[in-house]
Each structure stands twice: as C-alpha cells, then as structure tokens.
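There are two complexes below, and they share subunit A, which is joined by subunit B in the first and by subunit C in the second.
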Partner chain A sequence: MILHILLLIAVVLFSLLAILLRDLLKSAISLAVASIFLSIIFFMMNAPYIAVFEISVVAGLITVLFISTVALVKKEEEVKESKLVNYLFPVFFVLFIIIDIFVMKSLIGRLCVIKGPSPLGNFSQVFWKERTFDLIGQIGIIFAGVFAVIALFRKVNSDKDKDNHE
Partner chain B sequence: MALTFILVPLVMASLLPLIGKISKRLLPDVLSNIVLLFLLLYTVFVGRQVVILNAGFQQLFWFGEKLNINLALDGFSVFMLLVISLVSFAVGLFSINYMERYGSKSIYYALLLIMIAGMNGLVLATDLFSIYLFLEVAAVASYALVAYGLKHDELEASFKYLMLSAVASAFILISITIIFGFTDSLSLRNIAYGFAVLNSKYVVGFCTALFIMGFGLKAAIVPFHAWLPDAHPSAPAPISAMLSGVLIKVSGIYAMTRIFLNVFGLTPAVSTVLLYLGVISILVGAIIAFNQNDMKRMLAYSSISQIGYVILGIGLGTPLGIIGGLFHLFNHAIFKALLFLNSGAVEMSTGTRALDKMGGLAKRMPITAATSAVASLSIAGVPPLNGFWSKLIIIIALVQAKQYGFATIAVLASVITLWYYLVIQRRAFFGKINDVFANIKDAPFWMSVSMIFLGLLCIAFGILFPMLIKSWVTPASDVLRLSFNYAINFFRF
Partner chain C sequence: MSSHWLLYMGFVAALIFIGLYCLLTMRNLIKLLIGVEIIAKGLSLALISTGFVRKNILIAQSLTITFIVIEVAVVATALAIIINIYRHTKSLDIRKLTKLKG
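Coming up: the complex of A and B.
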C-alpha cells in the first residue's frame, strides 16, 4: 500500500513538473518518467498489457517524437526557468494531494461496489471479441489523425498555382 | 444494418484521398455528396421503419461468429441521425462551390465524412466507452476542419478548442472510470441496472457533476463556453454550420441526455442544475451576441443562447419539456446551419464578415438575403416558422411545471434574440449599399440550392410541425420518458 502511494505521488510530481517546466526538453523527459512510474503501478495492479503499452508507447515512442520535434524546432539559446515554478509547484502539489485525499477518503470503503462475473478472458479475447465496436472507432481516430496531418501541412499557395496550371 | 451509418462514410473517407489523386474536384464532390444523400435517404426511409417495427436492437454476425457490436437504433438515435444527415447533406452541397478556394477538396470531404461517421457512431453506441471513443473521432476531425484555412486566427482557435476539449475528455474519462469501478461494466444497460441496485446517490452525483463539466464543455453551456466563439467563426462556413448545427448537439446534448435520462434517471437536483445552466446560457449568449460586429461571431454567441433553450426543455424533464427541447434542437440545427451558410455566402462575395462594412446586400444577393431573413425570423421565434413552435412548447412546458421565473426569462431572451437578428438583417442586407460592393454577385448555384433547401425546411416544418413531432420527435421523447427503465429493459442484446 505504501509503495503504491509513493508511486502515485511520484506520478503526480513528475506530471506537474511536465506542465510547469518551461524547457520543453526537460518537460518531455519528466512526462516520460511519470509514465514509467505509472506503468509500474499498472504492472503491480495486474494489468501487464497496459503496462507494456504505457512504457513502450508513452514513455518510449511519444517521448522520442517529442524530443525529436523539440530538437528540430529549438533555438540555440538557453531557456530560463520561470521563478514562478519554485512557488507554484509546491502549492499545486499540496493542493492536489489534499483534494485527492479528501475525495478518496470519502469514496473508498464507504460505498458498495458491484462485482462483475468472472474475468473476461485473456487480452486478445477482450480486444477482438468484447470490444469489437471500439476497433471501428480506433480506425476512425487513426484516419482522422492522418487526414488532419495531411490537411494541416498541405501547401495552400502551391496548390492554387497547380490548379491554375491545369 | 445500423453499422451502415458508420461504415459507409468511414469507407468513403478512406478512399477519398486516393480518388483525389485521380480527380481533384469532380469525383470528390460527386462521391461525397452521393454518400451524404444516401445517409439522408437511409435515415428517412430505413431508420423510420426500424423505429416503427421496434427492430433497432440487433446482433451482428461475422462468419457465423457473434460479434459484440451492440447498436441501438431507437427513436432517439434515429431522430439524432435525421438531424445529422439533414444538415450534413446541405453542408455537402454548399461545399461544392464554397471549398474551391481552400484547395485539396478530397481531404476536406474525407475529414467531413469522418466527423459524420464519428457522430453517427456516438448516437448509435450503447456502451459508455464507445460513446467516448466516437466523440473523440468526431472531435479530432473537427479540430483539423476548424484550422482548415491555416491562417493565424484559425490555428489559434483550433488550438484553444483542442485544449479545452482535452479538458472535457479528461472529465468524461474520469467519470467513466469511476462508473466502471462501481458497476464493473461499461454497457449502458448494466450501468443503469447497477446504479438502480446500488442506490448510491453520491457516486451518481459525483459522476453527474463530472459529466456536466465534460459534456457541458462539448455543448458550450455557459460557464464552459469559452472555446466556441473562437472556434466556430474561424472554421470555413460549412464547417461552422456543421459544428454549431450538429456537433455541439450530438457530442454535448445527446450524450448528456442519453446518460442522465436513460441511465442515471433525472433527479430533481440535476434537473434544477440543468435549468439554471440553461437560463444562464440563454441570457449570457444573447447579451454578448448583441454587441458583436463580426457576423459569424454573433451567430456563435447566439448558438450558446439557443443551446440554453434546448437544455431548459430537456432539463425540465416533463414529457412536454423533452418534446420542446428536442424539437428546438432539430430546428436550431436547421436554421443555425442556414445562417452560417448565409454568412459564408456573404463572406465569399464581399470578402468581409464585419457588419459595419456591409449594407444593402439584399439588392445584389437576393437569395442569400431571403433565406437569411427566413432563418433569422425563425430563430427569433416569429410565427408561423418552426422556431416559434419549439420555443412555444418549451415555454408552455415551463409554465405547466410552475417554473414561471424560467418561463419569463425564456420569453424575454426571445425578444432580445429577435432584436439582434433584426440588427443583422438591417446592417447587412438593408439600407444603402456600400459602393465597394456595387458589382458583387449572389452565391453560385450549389450554394444557393443548399440555402434554399434549408430555408424551405424552416418554412415547411413551421407549417407541418405536428407531423414532424408525431413521427420523429415523439418516438425520441418516448425513449427518454421511460428513464433508466428504458436502458434496463430495451438494451438487452
């Protein structure tokens, strides 16, 4: 239990750092660290698949994407951390913990919970058979994302020129 | 069969970028409009039959194996599908001429169709996580469409919309996880059953609050409306029509109504909160809209105000209130889409959206001016147009429920609405014409067709409203009236 709480605190801490840090590189790395802690929690809570996804996609792939983007965009000058972080960060952190404790204390243990039938089966069964409809939604999201990138990075002017030539 | 509503636009969307390589304009125009027409006809003829036969709950098979896709094509879903397909059909026609200047039409239509597929999926889903997922499908497509012009303002508006939507999604997702934790299920039936058994009103209350924040942000109810006045005016006009006419209703109002009324059951406390939110939206939207100079921004604020009426009707929870709210949702989709299309036509001809630069456009643009007058009078609630009847029903329902204060505010706000729409009419279409615009032309053919189509609908549903209410709105309100018993008894698969 104490280990869980410590891990959760670490997740919150690094997530807050990711928001509050001005330097994008540091911010991306703290996001990755937060998701590593999160994946440990997932693993301990008997959700190995989610843990693997979390660590490989969020901590790995997305961080690589973020960092490469930052490296492409970044100017050479140093980013100064805002002084505000020093004051704001502890305040946010304490506030969050207090709210969290209050909400959880009032929820956990006091309310009854329905326990469903036996576990749904293994990963592939749940993924392909239980949540078939969600797969269509995922395909939709992927298409939407791909087309969004194509639409947002198209060249407006050259397109018009081409049309004129045709 | 219900899957057609999702798969047809999705498949066409995936093919369009390839088709765009062959033909830049003609094929994307023709094919996507055929799909939109097909969806409209399919909703009107097949969907209607399904509701009459009560055959909308079906099990799908794939190579003889049961698929776990549970779609509900009931009265409420079919009603929303009608709203989506009517507006998207008009928007598709309008885009043929309007989107010429933006370039790469195939990608535009692909994103539009994905947005429609996402909304159709949301409306048909009977599973909380699927609702969330399809909400995101529609939302991701709409972020790209808002920024489609790629200018500074549009990108900024899209980013703001994206960020606030992410907050909304977070609230919705937290609520879904809490519900999953308590009921150990995501299907609406089991959740309704679980909460009926658990009798845990604090959990329901907490989740309701989160949903009001999440879906309220999507629907742009007043404390959560900050993104809308930027996002809706920045988008290309047909997309503004789609967002204001349909998207905020499907991803905000529909989802909220389905969950609150059919799963949790509307409690007096939630009803009161919704009534207050509705009234605040009506007033704030109307008052801010009053002072706008940008035509589309004024329309966007007016959307917030009109959404308030829908919330007021549905939040009241009485059968008449629900009918009024749903009818107003339908009407608002039509006339607000028409008004945004009008603003697009004006912007295309004059190159400006600022009302103080316009004037006397009625002489040069008769079709736009006429349809805009119909839509303005309709949204202001002038009889015998459709907006009058829906507002009347909502106000009668409020009086019947002895909510005289809310009824008074609804009537007063309707007067303010009439006022600022008359201001639009006077400043844009009447008076002396600006010399700069002496030689402008009216909207091209397909844009005119689309505007006339919607304008005629406004008049037709104003005159024939009993038929519309009887055959489309009442089945939807019947679904909602049964409260959580509906989900428990009918969502069996």
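Coming up: the complex of A and C.
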C-alpha cells in the first residue's frame, strides 16, 4: 500500500512538472514519465492489459505525436503565461482536494459504480463476448480520427478550389 | 476497503485539478492539450482503482481500453488542428484566436 501511495505521488508530481515547465519538449517527456508510473500502478492492481496499453499507447504513441508537433511548430517567440496564477495554485489545490474528500465521503454508501456480480472467465472472454458493442464503437472512433486527420491535412492545389477561395 | 477507495479518489481529484488548472490558466495550445491528457490519466486511474476495490477488474479493464482509444483519437485530431492553427496565425498563443476574420 505504501508503494502504491509513493507511485501515485510520483504520478501527481510529474503531471505537475508537465504543466509548470516552460519547454514544451520537457513537459511532453515528463508526461510520458508520469504515465509510465501510472502503468506500474495498474500492473500492481492486477490489470496487466491496461498497463501494456498505457505504456505503449499513452507513453509511446502520444509522446511521439506531441514531440513531432513541437518539432513542426518552430516557435519564434515564447508564449507568455501570466505570473499571478502561479501563486494561487496551492490554495486552490488544497481547497479542491478537501472538497473532493468530503463529497466522496458523503457519496460512498450511495454510489453503485461497477456493482453487481463480477463476470466469470478471463479478460479476453469478457472483452470479446460481453463488450462487443464497445469494439464496434472503437472501430468507428479510429476511423473518425483517421478521416479527421486526412481532412485537416488536405492540400488545396486544384484550380477549382482556388476559384472558390477568390 | 472504502478508505482505500477514498485515497485513490483523492489522487484522482489531484490529477483532475492539475488538468483543469492548466486548461484555465495556460495560453499555449500544446499546454492546453497536455492538460486534457492529465485529466484523461486521472479518469483512467479512477476507473481501474474502482474496479480494483470492488474486485471487478475485468470490466474496468475493458472500459479503460475503450477510453484510451478515444483519448488517442482526440489527441491526434487536436494536434492536427493545432498545426493548422499555427500555419494560419504563426503563433501558438490562444489569445490570437479571438479575432474573427472572414
């Protein structure tokens, strides 16, 4: 349990570092480190498939996407962040955590999150047989993402489009 | 068992607060997307830890796989939009986007 708490503190610290660092490359890398710690927590919670997904997709693929975007947008001038909000952060942080603990404590008997009998069998049976509709939704989402990226990087070079723009 | 759940929910609240703070105060577009990522981390931690405490980890895992797929699609689309915005305005500042032009 103590190891869990230490790893969770590491996740929170690296996420905090990701938003406080000025350099975008460093903040993307610290986001990846935070998700590596999160995947260790998932592995200790008996969820190995999610740990693999987290470490390969979130820590790998999303970091590659962020770094390639940072490389594509070469900045001339730094975007200035306002200084005042940095001092307000700890106050609101503690306030938010306290409010959250109180709300969760009052809700703890009434929530029915993922209640009910746990399904039998192993993970692949549950994933492929009981949650088949989720798979169809995932395929739709992946195609939507692919088509959105294709539509956003379409080149405008035909004469017809030029006429329309003029 | 419920005290463990409260502990996990405290960390989930910390992650979600960091993400919301980033969304509210930062002006760099890529930083805003990093905030969205941190909120997504908090939500997947909430799903898995609830499944772990309730001893129902299989359904929590399959829900979280769906969530991660959605997250990747959102990030890819948003980064493509950010690159297009940069080509138009030559800046990553979100305040440059307030001017509407036909």
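Assume the second predicted complex is superposed on the first by the 111 of 166 C-alpha atoms of A that agree within 3 Å, B and C clash if a C-alpha of one lies under 4 Å from a C-alpha of the other, contacts with A are read in each partner's own complex, and residues count from 1 in each chain.
We take it that a contact is a pair of C-beta atoms (placed from the backbone, for glycine too) under 8 Å apart; a residue touches a chain by one contact, two chains touch by 3 or more.
For clarity, every value in this text was computed on a predicted model and none was experimentally measured.
Participant: Answer with first, second, both or neither: which of subunit B and subunit C does A:154 touch in the superposed model?
Facilitator: first
Participant: Please indicate which partner A:136 is in contact with in the superposed arrangement: first for subunit B, second for subunit C, both, or neither.
Facilitator: First partner only, subunit B.
Participant: Scan A:49 for contacts with subunit B and subunit C and give back first, second, both or neither.
Facilitator: After superposing on A, A:49 lies in contact with subunit C but is clear of subunit B.
Participant: Looking at subunit A, which partner touches more of its residues: subunit C or subunit B?
Facilitator: Of subunit B and subunit C, more residues of subunit A lie in contact with C.
Participant: Quick one: is A:71 in contact with subunit B, with subunit C, with both, or with neither? Answer first, second, both or neither.
Facilitator: Once the two structures are laid over each other on A, A:71 reaches no partner at all.
Participant: Taking the superposition as given, does A:97 touch the first partner, subunit B, the second, subunit C, both, or neither?
Facilitator: second
Participant: Quick one: classify A:28 as touching subunit B (first), subunit C (second), both or neither.
Facilitator: A:28 contacts subunit C only, not subunit B.
Participant: Shared contact residues on subunit A for subunit B and subunit C?
Facilitator: Touching subunit B and subunit C on subunit A: residues 113-116, 130-131, 134, 137-138, 141, 144-145, 148, 152.
Participant: Report the residues of subunit C in contact with subunit A in the complex, numbered from low to high.
Facilitator: Going by the criterion above, the answer is residues 2, 4-11, 13-15, 17-19, 21-22, 25-28, 30-31, 33-35, 37-38, 41, 44-45, 48-52, 54-66, 68-77, 79-84, 86, 90-93.
Participant: Quick one: which bits of subunit A touch subunit B in the complex? Just the residue numbers, please.
Facilitator: 106-107, 111-116, 129-134, 136-141, 143-145, 147-148, 150-152, 154, 156, 159-160, 163, 166
Participant: Okay, in this complex, where on subunit B does subunit A touch?
Facilitator: 3, 6-7, 10, 13-14, 17, 24, 67-71, 102-104, 107-108, 110-111, 114-115, 117-118, 121, 125, 127, 129-130, 133-134, 136-137, 140-141, 143-145, 147-148, 150, 181-185, 194, 197-198, 200, 202-203, 206
Participant: Within the complex, which stretch of subunit A touches subunit C?
Facilitator: Contacts found on subunit A: 1, 5, 8, 11-12, 15-16, 18-19, 24, 27-28, 31, 34-35, 38, 41-42, 45-47, 49-50, 53-54, 57-58, 61-62, 65-66, 69-70, 72-73, 75-77, 79-82, 85, 89, 92-93, 96-97, 100-101, 104-105, 108, 113-116, 118-119, 121-123, 126-127, 130-131, 134, 137-138, 141-142, 144-145, 148-149, 152-153.
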